[in-house]
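These notes are about the structure you will find just below.
We call the chains A, B, C and D, going by the order they appear; numbering starts again at 1 in every chain.
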Amino acid sequence: MQKPGYYGKWGGAYIPEVLYETFKDLNAAFAAAKADPTFWQEFVDLMATYSCRPTPLTHAANLSRDFGGAQIFVKREDLNHTGAHKANNVMGQGLLVKRMGKTRVIAETGAGQHGVATATMAAKFGLECTIYMGEEDVRRQRPNVFWMEKLGATVVTVTSGSKTLKDAINEAFRDWVSRMDDTHYVMGTVCGPHPFPEMVAWFQSIIGIEARAQISKQFGKLPSRVYACVGGGSNAMGIFQGFLDEPQVELIGVEAGGHGLDSGRHAARLASQDASPGVAQGYHTMFLQNQEGQMMDTYSVAAGLDYVGVSPILTDLWEQGRVRFEAATDKEVMAALELTMKREGIIPALESSHAFVQAYKEAPHMQPDEALIINMSGRGDKDIFTIAQAFNDPSWKDFIITKGAEYAA
Amino acid sequence: MQKPGYYGKWGGAYIPEVLYETFKDLNAAFAAAKADPTFWQEFVDLMATYSCRPTPLTHAANLSRDFGGAQIFVKREDLNHTGAHKANNVMGQGLLVKRMGKTRVIAETGAGQHGVATATMAAKFGLECTIYMGEEDVRRQRPNVFWMEKLGATVVTVTSGSKTLKDAINEAFRDWVSRMDDTHYVMGTVCGPHPFPEMVAWFQSIIGIEARAQISKQFGKLPSRVYACVGGGSNAMGIFQGFLDEPQVELIGVEAGGHGLDSGRHAARLASQDASPGVAQGYHTMFLQNQEGQMMDTYSVAAGLDYVGVSPILTDLWEQGRVRFEAATDKEVMAALELTMKREGIIPALESSHAFVQAYKEAPHMQPDEALIINMSGRGDKDIFTIAQAFNDPSWKDFIITKGAEYAA
Amino acid sequence: MQLEQTIRAELAQPGKDILLMTHIVLGYPSLAVNRQVIKQMVANGVELIEMQIPFSEPMADGPTIVRANQEALEAGTTVKECLAFAAEMAREHDTTFLFMTYFNILYRYGVEAFFRKAKEIGIKGFIIPDLPPEEEEEFWQLARQYEIPPILIYAPTSTAQRMQELAASAEGFIYCVARKGVTGKQTDFDASFADYMARCRRSTTLPLAVGFGISCREDITFLTGHADIGVIGTATINLVDAQGPEAVGPFIAGLR
Amino acid sequence: MQLEQTIRAELAQPGKDILLMTHIVLGYPSLAVNRQVIKQMVANGVELIEMQIPFSEPMADGPTIVRANQEALEAGTTVKECLAFAAEMAREHDTTFLFMTYFNILYRYGVEAFFRKAKEIGIKGFIIPDLPPEEEEEFWQLARQYEIPPILIYAPTSTAQRMQELAASAEGFIYCVARKGVTGKQTDFDASFADYMARCRRSTTLPLAVGFGISCREDITFLTGHADIGVIGTATINLVDAQGPEAVGPFIAGLR
């Protein structure tokens, strides 16, 4: 039998000894929760009354017609409380924290989405909360910092390394090894040491369970393809789990192509030739690193995809050929975002827009009696600073210049 | 029998002759839709698959405990697609527009929420869209303008009058009298000439229908009190309709107290002594106007409550004593907002926060076996510019100053 | 009754194929200028003058008149002053004066009190664009009682049936809006306009006024034969803004 | 085996109640400075030197060492250079050198190749803070094969049972982390610390090193009797940063 925490040769728990007991307890608590059907029910109830699960599956009728191919369905994780799928994982881990009797949570955040979700959960559950965020991301995502603080969290700016997500993860571990007794580290994606990949995937599986039931009801059969963007891989794993046991459903993960796979400025691990196996941040997967094992600077217009590693579960599924990987460039992302807003009235997050790109490329070559599902992991209105800037919107800039001058006065 | 479109002596349809036929057609189309059960079903299905209805009813367990009085429940209209209850009305009118075969919609907007919702609906239904917005509001709510434009709408800045919501309404009417053949005016609240109050109230009644079923299921009995903020009155009418026929349920509308009712800088029509009966913008209600009938400048930190008139249906319910009216000052609003974020992890819109203020004042004096419902009409994260400014957040200001300088360079 | 007779009498005069009704926003740019402008209008033969009492929400007006309303109010113009000014004008000039305003002005003044006052002043009719005959029963009764006809409006969107309905309760004359939209924009006097006027004419025996977008001699020439009264609105406001009140006399004189 | 014997032999020398192990980040601030620092360490009697090969994700290190790793990498320090430098040091100095680094450095180099190279250089042990004995079976086999013991770590959170488990596969010595947290912060040597050390001692016959927060003579004096080796990490980095490499000699000399 496979060692627990391994997916093929990927995964594991490369943790400092000081966390050994903490992980033992966490594994035990998670196993107990998983074995207890009332726990899952408690989770589902919480998500139904505090967030708005089940989130809808929306038929994008206009774009389906425009492309003249597959029927395009969008799984609306953007309608979750706090605006993204991150809420599923965070609320689930929050319930686990309550069971473990811990009183403090910490988390890393890149885009800020996971940080806001964690701060929200901490407020709801009455926990102390500290969020680690790279200096670069603090600069890019000030609105999220504002909300985290208002929700009662302490936001710590991380100035080490590349000052982005991976460095925030390192810093969160450094906090955790100092204060494991009362503190739980709410890992934000299906990465990191076991049991995090399994745990986050489990909580996010609610997406796929719902999507499968919804597509069957709304479309009468399974979709041919399911698309999700892949940063760490949690939203992808979430929806893919609904269809993993159906080999006829093709699963497509879309990574950040940045300025293009040839440019060196991207964050595509599995869709590019640039990644190699490595061990970092507590787990074994494909990393964007140099020959000697030093992690590279990654780049994407979408902060939430701008990460060196990727879920070990997805790496395994990729190696098995079960999940196909593609990349979307920043440019393609902005075009897909614009099209989706104009034709369907929905505003995907920059991260989610990556999945839309690939679906739009493939939909025209599919049949109108086929369906595809795009996992819309989050909403884009939280990204106004990035999006307005990416569109180079002149009146937005004027607005900010005027406001800035007003504040400076 | 009461003349249709009248609520007590309030309401009516004071419209220019050129719109006579348009209103006749609209009344007929609305009556047909109302009489056709498949129409309501189509509406409910649309809201279930495109927005996320039913929106949850969340038990604010922490604050209920803190106050030690009534069990506080929050109806989560913030989780609607586009972030507020405005979506209900807009999508409903959109279905009606499709039935009438019109190809263009126009709307007024104050906070920008109704404008974004209308632009969204127009994108979804493939309609041309123009949004009228006062110059003051464009300045205050640039992010919403950006999204409206990205959603494909034309935003027209209104420079007449006080350059706010009421002037945008006038301007929308001016558009409509020029182009009624292909255009429907999507009125954003339960005001304006008949059939708008009735129509908007009907679409918004989905809130109350759900809330009543939810509180019965989650709490086992009816709430003692239901709170809603009142700008035009659409979210309030929406939730109140679920409980109007239960005299033991007290209904409380909360208006914008601004700098205080004595300050003259507020927008409280029914909770203050400052309003008087009048006829403007096509209907008869209580207006904030001077002795000679000229409308006054109103003020609120919440753009969506900053309006001179109020729903004729609510004015009638107020006159009957069925709805109690209170006002919340800006200061109280910021405190309630902060408390709600910190203790429950939810971020009400500034408008909605008015309802929270009054509920928090009264909850401690109620019994723990009683429930109250607050209608959370929208989410606050759309208001970051106003909220961060109202909190006078220094790092937010620094961020804007830096961004402004960067754009100006 | 009285108003219709006055109009018919004017039209009966030799050479008067069409009457002129002009429009003025009271208090814009000031009552003093209004006084000069009205003087010139009267001197140059205008038969009817519409005096608009400014309102903060002039929903049916176009940008020029909206601005005029707003500036009049910002300058502090009150309804009371407008009434006093109207009384003075009616006293001084042997011209037919009407009030144009929105219903809220009457409502806040007291509808009956407003009729009483208008009667006392010598106002011959009301134009209230936001008051359709379906609303405010009391108002229509008072109109009959005080013999001040509210001028009903026909629009290009009005069906023959609706026109007949309106005609049934109309008095004085009918104000035919030349096109869809608000005041102040140019109107195309094309074939469909002629059809519209024919429809109007068939539906009533009352005199027909045509307004919205009438700004020059050509327009008046075109209207002659179709309509009994040509209404000049925004055009004089623009003229006064651009060239001052003295320009009004020659302008009016040149219209017919 | 060999490492433990070396340590025992040193401890057997008269007056040597405690050994010193110092730490250095290769390439920070430069290999040239590292060379000077090591020279002084050796000259002043340090028995063991931990050479950290810099890694971009030093998850278990505190701010000072994190920064040192980062600056070493930014200055272009490569693993290859570190290995060549280590070979030079081992050749020059008759001191016990260990490699400290994160597992990915070995993994990318090739784990067996890395062992082979380290053996060739004369490295006596590895400290890999992110590699618990549960992971990478092959690594532990190679360690035995190449006779380079990976130093196992005890933490204040380790239970007696866990310590015994670890002791079973440990060789050379055990690195007892003095407190929870990362490198570079002060440690309180209080009663619970003595309890902890007693627990460590009970679980193994191997020599015990104590690290994290050891920075001065008082700390070393306190440790003597509790531990066999005192580990000076961040303290020398701070010293070199503040006063240059020449300050290291006197500092080391003053510790015992």
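Throughout what follows, contacts are C-beta pairs under 8 Å (C-beta built on N, C-alpha and C of every residue); 3 or more make two chains touch, one makes a residue touch a chain.
Remember, predicted model here, so these are calculated numbers, not experimental data.
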Set of chains adjacent to chain B and to chain D: A
Touch-network distance, chain A to chain C, counted in steps: 2
Greatest separation from chain B - chain, by CA centre: D
Mean-CA-position distance for chain B and chain A (Å): 33
Separation of chain A from chain D, taking each centre as the mean of its C-alpha atoms, in whole Å: 38
Chain centre separation in whole Å, for chain D relative to chain C (CA means): 97
Shared interface positions of chain D, touching two or more other chains: none
Overlap residues in chain B, where contacts from two or more other chains coincide: none
Pairwise touch network: line, ring, star, complete, or other: line
Set of all touching chain pairs, with the criterion as stated earlier: A-B, A-D, B-C
Sites on chain A touched by chain B in the complex: 48-52, 55-59, 62, 76, 79-81, 83, 119-124, 126, 139, 142-143, 145-147, 150-152, 218, 338, 341-347, 381-382, 384-385, 388, 391, 393, 395-397, 399-405, 407-408
Chain C contact footprint on chain B (complex, rising order): 12-22, 160-161, 166, 170, 173-174, 177-180, 276-282, 287, 289, 291-295
Contact set on chain C toward chain B in their complex: 55-63, 66-67, 70, 73, 78-80, 102-105, 107-109, 129-132, 134-135, 152-159, 162, 166, 177, 180-182
